[in-house]
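Paired with subunit B in one complex and with subunit C in the other, subunit A is shared by the two complexes that follow.
Presenting the complex of A and B:
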């Protein structure tokens, strides 16, 4: 009896080891093998903890308070990275700005992801006329000059807050992920498991969200990571133009916006260069992680 | 062929109508109207009310929409409150500047993309390919506005090789050779900055397209019948890989529009993008809506153009 039990245990063990690794563990393995991506991930974790941690001890009001006696100070021991035209400490703004840029990037990525996933799933799963109609709407949004439309809405929204800013961005950025999810869902619904589930009487909602959706999870993770990089870039671009965060809520783009003044651009590098470098490194790191994850989803390109 | 184009036009027409509705709604949401700029204490409010009635600003929205569309079709896009001139006249000069900037950007984009893409695809996984892939990798991660800013700082201010603002040196006479040279000189740096970033898409696409084509059966056949390596690349692979790139030409327009807003703003290049930014900062809304409308139509037509080219070169799209 005992030996039989041990035998069953052993076969189960073998079966478990034969089972192909899950999408998430493949992704993790690929990430660890790719040294650049791993380094980027560690860097991102460090900078996120640092920025969110430090900003707990910094007061945003204090940093954005104008100090007329310290205008355009070069870097010194008091102001590590100098000050801007309002005598505000650049280093403090950099910390708070990174936090704000990251927060809104993540928020917009999650919101566009949520809308895009539901929209794409419904469109791809049902197919036919519904799909046709929903995709025409996506087509329309895709060809809009969205940068200009976002700027116009930011300018005319009466009560402008961080939330309305992220809602406006979301409203014009959900289409890419919707289209991607839709094309995958279109393939998934033809597969045996989805058909079998339908035959067994599962509701459409159940198939969509509990059976098809998990199979798209790796694709979703990859797309959202790459979108995060793009959204951070877009937010800082909008803030640079003056249509992102207000000056009282510094973002990385706000600091770059000071470089619109030729004097600052030419002679006061400390105002804008650190922010430029930081945005570049942030976007590059997020993309490195995203690209490694993307390789993991395509068996032919995996390195590990 | 014609059937496809007609069917495609059936998608384009509603898109333009939807765009016009969106732009009209945006215009309605904007504070103030055509007369706000004229309000001053010496004018009787009653008179303004009369003007308002006369201009149809008190009509229901669908009547106003109809009036707006009719006048837009006749080339009347309203009055700029900042410049006190018709928007159509204002836009004309700016449109030409943006056209030249976009054209220069497109030319440079393809001048970079085609050789790099071919090299990278032909010699994939060699050192050359790795360098080019590295460039595309970094290009993808660099926001255009940061790159343009750094280029302006480096080549405009530091080395002073290029002018830092405007589209032509003041005082040059239109039509003369120095005028043309000055124009070119002014648009070169913005165009290069934009092209270096936007080209990475095309480079990567061309690379993977060539790598895919290399493994197709007809290439093996070509080699088997004894075609030389250069003939295989120039006649068989390139022709098949370049066609999709040519087709994406129209879609590039949408990307260029976003780019011109940043680039013209940074280089103070007097085109549509800068006009848009100036107008929205000065709350000159009739200009803002016109620019959005024109750029929207441009990208709708760009997408149409791309789809038509695609259907010409790839019959599978037509049949579907």
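Presenting the complex of A and C:
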């Protein structure tokens, strides 16, 4: 009896040791293994907490107030990164600007993610005629010259906030993730577990969101991470062109936009170089993390 | 009143193509099949891949749309909407124990899924019920918090069985339940299925291409070829008195483990194959399909052309 008990314990011990790790822990292991990605992640976390933390103590109005006595000051102990042509503190603008850019990036990613996931899941799960109709709508949105439409929107809407700007971007950026989720949902619904749920009396909605969706989680995490980098870049690009935020709402793009003035570009590096470097590092970091997560979803590419 | 009656069942899948994606043809996966099942017995459906046996099972459980024909369960038409609730009396065991369990769900959630859909139990009662079910299928009750990938194939198929019997169904469609398992585990799962059949008074529709297993499990057998029935009858009818050349060939193909019979088996198989090649046109029509079934005894039906019987 004793030996049997010991045997059972032993096999249970073995089962515990061979237990395969969950999706999240695989992703975490991959991140830790890839030192560049790990460093990127730490950098991202630091910069996010730093930017959101500091901006609590900074007043946006105060920073964007024009000060004619301090125009184009080079970096000094008073203005750490100098001032722009309105005498506005660049360092303060950089902090607020990074916060605004990050907020938009995150907001757009979450909103496009939400719409895209639901849309793609419904389309892929039902398939057939419903899928056909929904995908034609996606095709319609995709052929729109969306950059131009966004520029028109920005011109029409008189006063826009972070939220309304994000909504405009979201309206033209949800199709990519919808198509991706749809293609995966088409595969998943054919698997026996989805069919089994039907025979067990679960409704279509229940199968979609409680059975199929969890199996798409790693794909969703990876896509959303990579989308975040793209969205930050897109916002900066629009602002650089002057179709994003006005100067009263600084973002990384508006700071970069000052470089359109050749004088600033050539002689006053402190106005635009920090923003350019920050955009570069931010996007690179997000991408590094995203790539590591992407590798984690494919066992053949893993390093961890 | 029969327990389950399938009447002139047809399941056709459209082939689309041409301009505007019209329906240009149909794959006749199941073409005019009728049979009856008795309560508490096991009915075996046998046939090669693509013969439509799985399609019949899926049509009964409601996964495939019926093109024509009717299915009656205890006298009630399964297709009519008001009989939705009897669906819970018909459950299915799937062929592949790997894809039929959701990899992201714990065993507790997998086995409790039907219970949550049809019964309102508290969390505690539900957990107790799942633990009981796990013990019934011979797995440890503590395993309910594990994920499917932590189990072997045989164990996973037992989880599939536990899920299928959770609602105390009357009929279980077993779609090649052991063909994905290795042989040592096959017998284990089959015997266990027979045990719970006795305990719960279950009726099985046993779909398989392995005649050896069918001989072990089934009371009634139907043999299919290209969507039609070729022969049906009691186990003894089929194995001792096969009438159709296709059945004869199938039975000749059952391997015999005794090496002393090897030469005999080999010659026998060759003879049957020769007979099959010669008389193919007598047993199948111009399109290579089987004829309609005709009674040759009370329980035994064979698909023979009219002139063969006369």
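As a convention for this text, the second predicted complex is superposed on the first by the 283 of 304 C-alpha atoms of A that agree within 3 Å, B and C clash if a C-alpha of one lies under 4 Å from a C-alpha of the other, contacts with A are read in each partner's own complex, and residues count from 1 in each chain.
Convention: a contact is a pair of C-beta atoms (placed from the backbone, for glycine too) under 8 Å apart; a residue touches a chain by one contact, two chains touch by 3 or more.
Here the structure is a predicted model, which means the values were calculated and not measured.
**Q** Aligned on subunit A, subunit B and subunit C: do they clash or fit?
**A** Here subunit B and subunit C can both sit on subunit A without a clash.
**Q** Contacts for A:272 in the overlay, against subunit B (first) and subunit C (second): which applies, first, second, both or neither?
**A** First partner only.
**Q** Considering only the touch criterion stated at the top, classify A:259 as touching first (subunit B), second (subunit C), both, or neither.
**A** A:259 contacts subunit B only, not subunit C.
**Q** With the two complexes superposed on chain A, say which partner A:196 touches: subunit B (first), subunit C (second), both, or neither.
**A** second
**Q** For A:149, is the partner it touches subunit B (first), subunit C (second), both, or none of the two (neither)?
**A** first
**Q** In the three-chain superposition, say which chain, subunit B or subunit C, touches more residues of subunit A.
**A** Looking at subunit A, the partner in contact with more of its residues is B.
**Q** Tell me the contact category for A:242 with respect to subunit B and subunit C: first, second, both or neither.
**A** It touches subunit B, and subunit C stays clear.
**Q** So, A:128: does it touch subunit B (first), subunit C (second), both, or neither?
**A** Neither partner.
**Q** Contacts for A:214 in the overlay, against subunit B (first) and subunit C (second): which applies, first, second, both or neither?
**A** In the superposition, A:214 touches subunit C alone.
**Q** Please provide the least distance in Å between a C-alpha atom of subunit B and a C-alpha atom of subunit C in the combined superposition.
**A** Closest C-alpha pair between subunit B and subunit C: 8 Å.
**Q** Find the residues of subunit A that appear in the contact set with subunit B and again in the contact set with subunit C.
**A** None.
**Q** Mind pulling up the subunit A residues that touch subunit B in the complex?
**A** Interface residues on subunit A, with respect to subunit B: 136, 139-140, 143-149, 151-153, 155-156, 229, 233, 236-237, 240-243, 256, 259-260, 262, 265-266, 272, 276, 279-280, 283-284, 287, 291.
**Q** Of all residues in subunit C, which touch subunit A in the complex?
**A** These residues of subunit C touch subunit A: 61-63, 87-88, 90-92, 94-96, 99-105, 113-114, 117-118, 147, 149-150, 160, 163.
**Q** Residues of subunit B touching subunit A in their complex?
**A** By the definition above, subunit B touches subunit A via 11, 14-15, 18-19, 22, 26, 29-31, 137-138, 140-146, 149-150, 152-153, 157-158, 164, 254, 257-258, 261-262, 265-266, 276-277, 280-281, 283, 288-289, 291-292, 295-296, 299-300, 302-303.
**Q** Residue numbers of subunit A touching subunit C in their complex, please.
**A** It comes out as residues 15, 19-20, 22-23, 191-193, 195-202, 211, 214-215, 217.
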